[in-house]
Amino acid sequence: MTDNSEHPDEGRAWLSPSLAPLAFAAGLILVLIGLVTDYIVFGVGIAIAVVAGFIWVYNSSRDVREAPEPEVADEATVEPAPAARAPAQSAQRYSRGALLTGATIGLGGVIGVAVTVPILGFAVAPVFIDQGEDDVDLGPIGNFPEGQYVIANFDYKRVNNEVEAPSVARRTAYIRNNGFVDELPSFTILSNRCVHLGCPVQPAGPTGDASDVDGLSVTLVPVQPANFSCPCHGGAYDTEGNRTAGPPVRALDRYQFKIVNGNLVLAGRFSVSEVDGQGSEAKIKAYKLYPPGTHVDGPDQWMTPLVS
Amino acid sequence: MSTKEQRDDFTRYKRDVKKEGKRFFPYAVFHDTVMSLFVVAVIIGLAALWFFTSGEEAGDAGILGPRYQSEADPAAIQFVPRPDWYFFFLFYLLRIFKWPESVILGTIGIPTIALILLMVVPFIDRRRERRLLRRPVAMVASVLVIASLGILTYKGATAKEGAAGAEDAIPEWIVDGNLVENAEVVLSTDPDAAALDADPGDAETLIEEGAELLVQAGCLNCHVYRNVGAQNLGAPDLTEEGSRERGLEWQIGHLKDPPAFSGGSLMPSFATLTDDQLLSLAVFLESSRGN
Amino acid sequence: MARSKSARQQQLEELALAPVEWLDERSGVVQGSKWFLFRKVPRDVSWAQTLGSATLTAFIVQLVTGVVLAMYYKPDPAAAYDSILAITNDLTWGWLARGMHRWGASVFIILLFFHMGRVFIYGAYKYPRELNWLVGVIILLLSLAEGFTGYLLPWDQTAYWATVVGININATAPIAGPFIADFLKGGAEIGGETLARFYSLHMLLIPGGLIALITLHMYLVTRLGVASPPWSKEAAGRERVEVETRKRGLVEPRRRKSVSRKDQT
């Protein structure tokens, strides 16, 4: 198939050689469109396709129909080889090769960074972003009798108060109302995740009947624990959350709380190294939330210097 | 040893293989195919056995375990997790390192050291010798590794699960252990029964209450009773506690202050329980004499 | 069958093999396959050396069943468990696909350890196969990670809590531990992001790495050859000593026989 050539002999072609196949294609497109829209377009398409096809075949068969002409080598137009491109590279500061190599590596580096940093950042960002914890409304303070522990089951992140259980956001905490200290209510609110490796910690004591709090997806169960123990590897905590036996590395984590309109509302969690004293007189050595298994104080704290 | 000898060895190896070796296809491929067929048959067999001996209910286990447990509940209190069996050796390692400072040895320390040793094996052992009987270090190392992996996996597999489902087993306990009859005997013969206001007629109520308390008060987090519960912190098996004949007063005193009655005990004090609860627990324990 | 083929037979053969020829000329694939399939291995190689390919078979079973399971599994915490129930109980042969995948994982790991032990005992990690051993160790690590990430996917109690403990074990590592744990969790809590991350790791990253490394592993085995059992009398590479057998007459030259010395390697 001849393409655009400059030979003056080509005047015998009926159309410029590349136009015929294009016209044929256009004709086919019109045929297809016409099948969908109306028959006029269809007919026009067929006509164009037939005509253009005939011209195309006529053009390309010209070599067969005509006598072969000897090829004239008119290569006189070849450019003189740039022989005089002498190795003047020594005279230049950067050879072309070195420039191209540098540019390739440099641009390649830019591309690599442009692709990797945002993507990796997407994967790794959650590690460094401080993810806030929503407040959780647990209902009226009256549901928490003084001096007694209550197992509270609630949704930690809620959407429109309508979350089905068991859902990913459900949590359990052990809550004890300690009465008032200087007219401010005092609560001991322990997280039920063991600080050794995160297994659920169980209250060692008889439980009462469960009750649901109206309007909130919160379940409360009274319990009289002698202590809290973890069946996974034998961790044990006393009723203040201090570790008494086993591999846990610190006391149980706790929840911050506030009182809003007479309701107990849980805020974020924090880690505790130990607790002196009991109930409303307890002195809690608090730290920001650490993952389980991480020491918050003592000589072993050096192992996690970046979490502070 | 010099690298020239290694290279000569390898050259000789290649020459031998070229001269005397057999073609991979079909000789070795035949063995491979038979073995692969066996492997696929085993996999299908296991899958069929697992499926057809288990039920649709969550936790309904057959010979090879249940099809699934109940749906994930992050707020659960009563679940004791287990990894897949090939992690049992790591899982049991965690149970061995019980002191808070040593936890990192079991989680990261030992596995990392083992991994590094595994990786540097070809760089530590550069001898040409390949016969096992002439590589004493390799022989000892492989025996040690196989034995310890095997033992740790076995211990991890048989480590007691925890108290899930124990409540349902209480009626069986009462029947299999003749607990009510034993309780009547205990209540009539124990010297302190009268002082504690305990009557043989209450035997059944006391036993039922005691059993429920055993489950609810978390005793099974450290003790084992009739193959249910966890073994932690050196707590003894309570299935035949009554055979030790310690008496009701000892049991109640021990529950209130364990280290005083059992030196070095890590058990916490259950003095917060009421006297009635303590009595029922004591009667239950004293009546437990196995089968 | 006649040894020499008639011209017609030759023509037919050429016609039949034409597509293969076409492919080979452009890619060298036939040459490569011949190099892999028809290479020579020592004559004393037998059943012990089938563990590697058995492991590969188990891996391929995992790949195939995994792809099929992925067509029905939904990696969202609200739907994951139900999709597993549907696969196991309702869909045709779903129980077989899930069962094979689950038990195939165990078989794969067992065979991995057996294969590793066999290589160690045979001393087949020594020169020149050290690199292959390293590649194998990395394959072992990735396979364990694959098992760990896959364990979470059914999203039942066992899956969830075992993953909690597993991630927290990583958190105890010095310095980087809490960050590794956060990366795995996809945030501060184990939840929907964790499931999606583990799914991505389990389906894409780790299998990709495994396929690449297993290919490298097999290439190295093909290139470096299979080691003979060290105690074999016919071990390839054993040292030989020229020993005179019996004296021949004046006319015949003395025949020398090669035997293996007592301390062969």
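Order as written gives the chain letters A, B and C; numbering starts at 1 within each chain.
Please note the rule applied: a residue touches a chain if its C-beta (ideal position, glycine included) is under 8 Å from a C-beta of that chain, and two chains touch if they have at least 3 such contacts.
Everything numeric here is computed off the predicted structure, so don't read it as measured data.
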Problem - Pairwise touch network: line, ring, star, complete, or other - result: complete
Practice task
Name whichever of A-C and B-C has more C-beta pairs touching across its two chains.
Solution key: B-C
Practice task
Compare the CA centroid of chain A with every other chain's and tell me the farthest one.
Solution key: B
Fill in the blank from the handout: Note: chain B sits from chain A at a C-alpha centroid distance in Å of 37
Handout entry: Centre-of-Cα separation between chain C and chain A, whole angstrom
Key = 31
Exercise for the section: Send over the residues of chain B in touch with two or more other chains. Expected result: 71-74, 76, 79-81, 94, 103-104, 107
Problem - chain A residues counted as touching two or more neighbouring chains - result: 168-169, 197, 199-200, 232, 293, 303
Practice task
Could you list which residues of chain C touch at least two other chains?
Solution key: 77, 161, 164-165, 169, 172, 174, 177, 191
Exercise for the section: Provide the residue numbers of chain C that touch chain B in the complex, in ascending order. Expected result: 36-43, 45-47, 49-51, 53-54, 57-58, 61, 77, 81, 84-85, 88-89, 95-96, 98-100, 102-107, 109-111, 113, 117, 120-130, 133-134, 137, 141, 144, 147-148, 151, 154-162, 164-166, 169, 172-174, 177, 190-191, 225-227, 230-231, 234, 236-239, 265
Problem - Touching residues on chain C, where the partner in the complex is chain A - result: 77-78, 161, 164-165, 167-169, 171-172, 174-179, 181-183, 185-189, 191-193
Fill in the blank from the handout: In the complex, the residues of chain A that touch chain C are 123-124, 126-127, 131, 133, 156, 167-169, 193, 197-200, 232, 289-294, 303-307
Problem - Touching residues on chain B, where the partner in the complex is chain C - result: 3, 6, 9-10, 12-14, 16-18, 20-25, 27-29, 31-32, 34-36, 38-40, 42-44, 46-48, 50-51, 56, 58, 64, 67-74, 76, 79-87, 90, 94, 103-104, 107-108, 115, 118-119, 121-123, 125-132, 135, 138, 142, 146, 149
Fill in the blank from the handout: chain A residues touching chain B in their complex are 151, 153-154, 165-166, 168-172, 192, 196-197, 199-207, 224-234, 236, 238, 243-250, 293, 295, 300, 303
